[in-house]
Amino acid sequence: MIYVTIWNEFVHEKIHDEVKAVYPEGIHTALAEGLSGEGFAIRTATLDEPEHGLTEEVLNSTDVLIWWGHMAHDRVSDEITQKVAQRVQQGMGLVVLHSGHFSKPFKALMGTSCDLKWREVGEQEILWNVNPSHPIAHGVNASIILAHEEMYGEFFDIPEPDELVFISNFEGGEVFRSGCTFRRGEGKIFYFRPGHETYPTYYNKEILRVIANGVNWANPVHTLKPVFGNSEPIRAINKGILV
Amino acid sequence: MIYVTIWNEFVHEKIHDEVKAVYPEGIHTALAEGLSGEGFAIRTATLDEPEHGLTEEVLNSTDVLIWWGHMAHDRVSDEITQKVAQRVQQGMGLVVLHSGHFSKPFKALMGTSCDLKWREVGEQEILWNVNPSHPIAHGVNASIILAHEEMYGEFFDIPEPDELVFISNFEGGEVFRSGCTFRRGEGKIFYFRPGHETYPTYYNKEILRVIANGVNWANPVHTLKPVFGNSEPIRAINKGILV
Amino acid sequence: MIYVTIWNEFVHEKIHDEVKAVYPEGIHTALAEGLSGEGFAIRTATLDEPEHGLTEEVLNSTDVLIWWGHMAHDRVSDEITQKVAQRVQQGMGLVVLHSGHFSKPFKALMGTSCDLKWREVGEQEILWNVNPSHPIAHGVNASIILAHEEMYGEFFDIPEPDELVFISNFEGGEVFRSGCTFRRGEGKIFYFRPGHETYPTYYNKEILRVIANGVNWANPVHTLKPVFGNSEPIRAINKGILV
Amino acid sequence: MIYVTIWNEFVHEKIHDEVKAVYPEGIHTALAEGLSGEGFAIRTATLDEPEHGLTEEVLNSTDVLIWWGHMAHDRVSDEITQKVAQRVQQGMGLVVLHSGHFSKPFKALMGTSCDLKWREVGEQEILWNVNPSHPIAHGVNASIILAHEEMYGEFFDIPEPDELVFISNFEGGEVFRSGCTFRRGEGKIFYFRPGHETYPTYYNKEILRVIANGVNWANPVHTLKPVFGNSEPIRAINKGILV
């Protein structure tokens, strides 16, 4: 059983009618419903809850955290940011969606500005699978067509991804590295681009398939914890006396 | 001084008027002229010359080989293919252009089918720089727009590139990893997509800039040659007797 | 159920008493027994069988092929080599063990010489896990100590691995990239260094754990097959007429 | 001309006689002298200078910053840390030496703990070149032997390096990824392991050769600055109306 916590800042859906119309119960609820058949144990958490819903108890019992945020990144406390980043470094999986590229935890884990180009005119996006043997592409077609989405364009200021799974083509002419994996410490991170708040992207079966695959991939591997610090030698040391 | 050999199969330009109109002296000659101000020592070689113009003397005195081929891949002999691949493994740089993706030397060095999608309707291609600190992107704008090109689309069946420098957006909706680097042995390989034979792509200053950067990047680093085979220990061996 | 075929050239064990003493029924049989509790459907195949035991029927019903060869690499036919490489490109997993680094299928898939340094004096090898969140490291300690092994040393002439999982330290002073992953087409390849024929390495529980993890990781992901060739546009083409 | 600033915390050399004996004028001065024939314009800066010697004027006129720190990492201000990290993201090269793995700027740019194993008994270290075509390996032998060094051992908690150039073998049995490159934004980072303060490592000609190569490699490529934010389309948008 994979324990999944879906975090959503849950602000747009309360104050913008256009967004409320698409996600009346919030993006987190739509995602929880969309992933309900995957066999995950799912909880949700939002910005306005105490500690943003990410208490130590919640974080310590989460295998994979899904993150959606946009207009309120700066309202996430530095303390929770640090706890999330540290839990990832200690093994918790992290699936960062869309505008989460600018979230504090993602930026702390990347070490870059995570900036990009954007345009909001509802153009067509086509995601192409460029890594067909990757588990995140399991059961996914060669391309996913989204009739209307926000554009994100390169240069996307991230470290070179460990693995590139999807690249998007936008109608206006841009490209974007839309499905990227990163390892940090014992934790795995999957960034997945689609999901502007005014489009029904998170009801799309193929998009949900990719997110579910991402959760399965990011689920921690149970290795023994790395040991750091002062270490005894395994083999006798002659202090550099050569043969 | 970098010694560059430009290899072109030089068949289209002799038999297709449409191509001859664009490259009357052959693609190799257009490239040699386009790169003439770069300070390289440039030779050309073509399929119909003895040993395809790639004698041992030529290969051994070439720092970087540029390769363009398309309709006559199977007329390149296995012997020359093997010599080219081996010279790359021993340090010679290789810049593979456009339809050279299906050339015998490139396939031998990749270990994959190198297959892809394609369409020839003269649509617009936009190449985006996704690696701004890479020397192959030196002096290149964020994007290069080609009004008319052949489309190449993903999935492009290559190994994961060591570095990805350009991604193309095509008008019909596809994307392509258009600028890719690979290391094989002591040699460096740069694959660069543009250059269909019916368009004046190799007269484009930005495209020539990228090819010249690719030559400079692929130029061999003069390290001592790796030593292989049976080796004496550097340190005394106690045959696994532990501390 | 993962269908595993263990291929062994099975020559040393017939003609060298020292090897026969360690692997009386052959390395393939020892591996089959060692992996018998993993829930795999296991077959074996050897060099002297018709088509080296790798008929189309066998290859087409194999999810993951394990390969051990050493003194008889050149007796593997080019035809079978090509079939194995092609099946990997089409999705079959491949786990290459020890001296299989010089096997024809591995070299064809790498595009390099796959050469290395070596020494056979029975020194201590310590493998270190450098990728703790990788599924191939699942349940493996920070290090694996082998009291006696053949030394393989860098430079190991392979392409930059997609992922590096283990690095070995040898008593005589060398290092080696001992656990490496590569993707080729739809297929996944895991190279794992240990296993000289005169040592009981393939009875070691930790080594068997890594090989089993490698099989699970290399098991094909069932994506739809990539489509190549001439493609219709998804979006209307204005032939480069700009905004 | 490459403008190099060598930063050293310069604390050990003032208070520990053992260190003072090796580097009487400080590690920064030894490095500046060792690199004096490379054609760089070299300045030094130390912790106790105002703004740690890293004023905006200094940072803005530095092409490549070399960093050595150890016992006083926490005395580096958060403000200077952020300025250094930001300058790297904007193109400045960074060469991080030895115990600089735990420096604030390096950790901020990596997004990991950067922790490791260590032992200080003066054992032998052998660095092996695993990337012979890399410019950082230019003119360097297959291995560099240091008679006495501090041990650093895996797991080294860094992101997967973009390129791995050196791996160390330590006499006591450990391995370490000793030469690693990373790109962050427009900037390039080279981490190089050797250089404990009690050994004369920075007088070793081969070690100085690698550091000089690292500076040349990390020197910024002058591309046009990436543009971020709201962008006009290049191509007309039909809002997803398909062909």
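For reference, chains read A, B, C and D in written order, and residue numbers begin at 1 within each chain.
Note that in this section a contact is a pair of C-beta atoms (placed from the backbone, for glycine too) under 8 Å apart; a residue touches a chain by one contact, two chains touch by 3 or more.
These are the chains along with the protein names UniProt gives them: A, B, C, D = Trehalose utilization protein ThuA.
None of the values given here were measured: they were computed from a predicted structure.
Asker: Give me the set of chains touching subunit A intersected with the set touching subunit B.
Answerer: C, D
Asker: Could you see whether A-C or A-D has the larger number of C-beta contact pairs?
Answerer: Spelling it out, more C-beta pairs touch across A-D than across the other pair.
Asker: Are the two sides of the subunit B and subunit C contact the same residues or different ones, given that same means over half of the numbers occur on both copies?
Answerer: Comparing the two copies, subunit B and subunit C contact each other through largely the same residue numbers, since over half are shared.
Asker: Which chain is most remote from subunit A in terms of Cα centres?
Answerer: Chain B.
Asker: Between subunit A and subunit C, what's the gap in Å when you average each chain's C-alpha atoms?
Answerer: Spacing between the chain centres: roughly 32 Å.
Asker: Can you give the whole-Å distance between the Cα centres of subunit A and subunit D?
Answerer: Measuring from centre to centre gives 29 Å for this pair.
Asker: Can you pull out the residues of subunit B that are in contact with at least two other chains?
Answerer: Correct list: 124, 126, 129, 131-132, 142, 153, 155, 160, 162-163, 171, 173-174, 183, 185, 226-227, 232-235, 238, 242.
Asker: Residue numbers of subunit D touching subunit A in their complex, please.
Answerer: 85, 89, 108-113, 115-119, 121-124, 147-148, 151, 153, 155, 157, 159-160, 162, 171-174, 182-185, 226-235, 237-240, 242
Asker: Note which residues of subunit D are touching subunit B in the complex, please.
Answerer: That would be residues 91, 124, 126, 129, 131-135, 137-143, 145, 162-163, 171, 183, 185-188, 220-224, 226-227, 234-235 of subunit D.
Asker: Enumerate the contact residues on subunit C facing subunit D in the complex.
Answerer: Interface residues on the subunit C side: 124, 126, 128-132, 142, 153-156, 160, 163-164, 167-170, 173-175, 177, 232-236, 238, 241-243.
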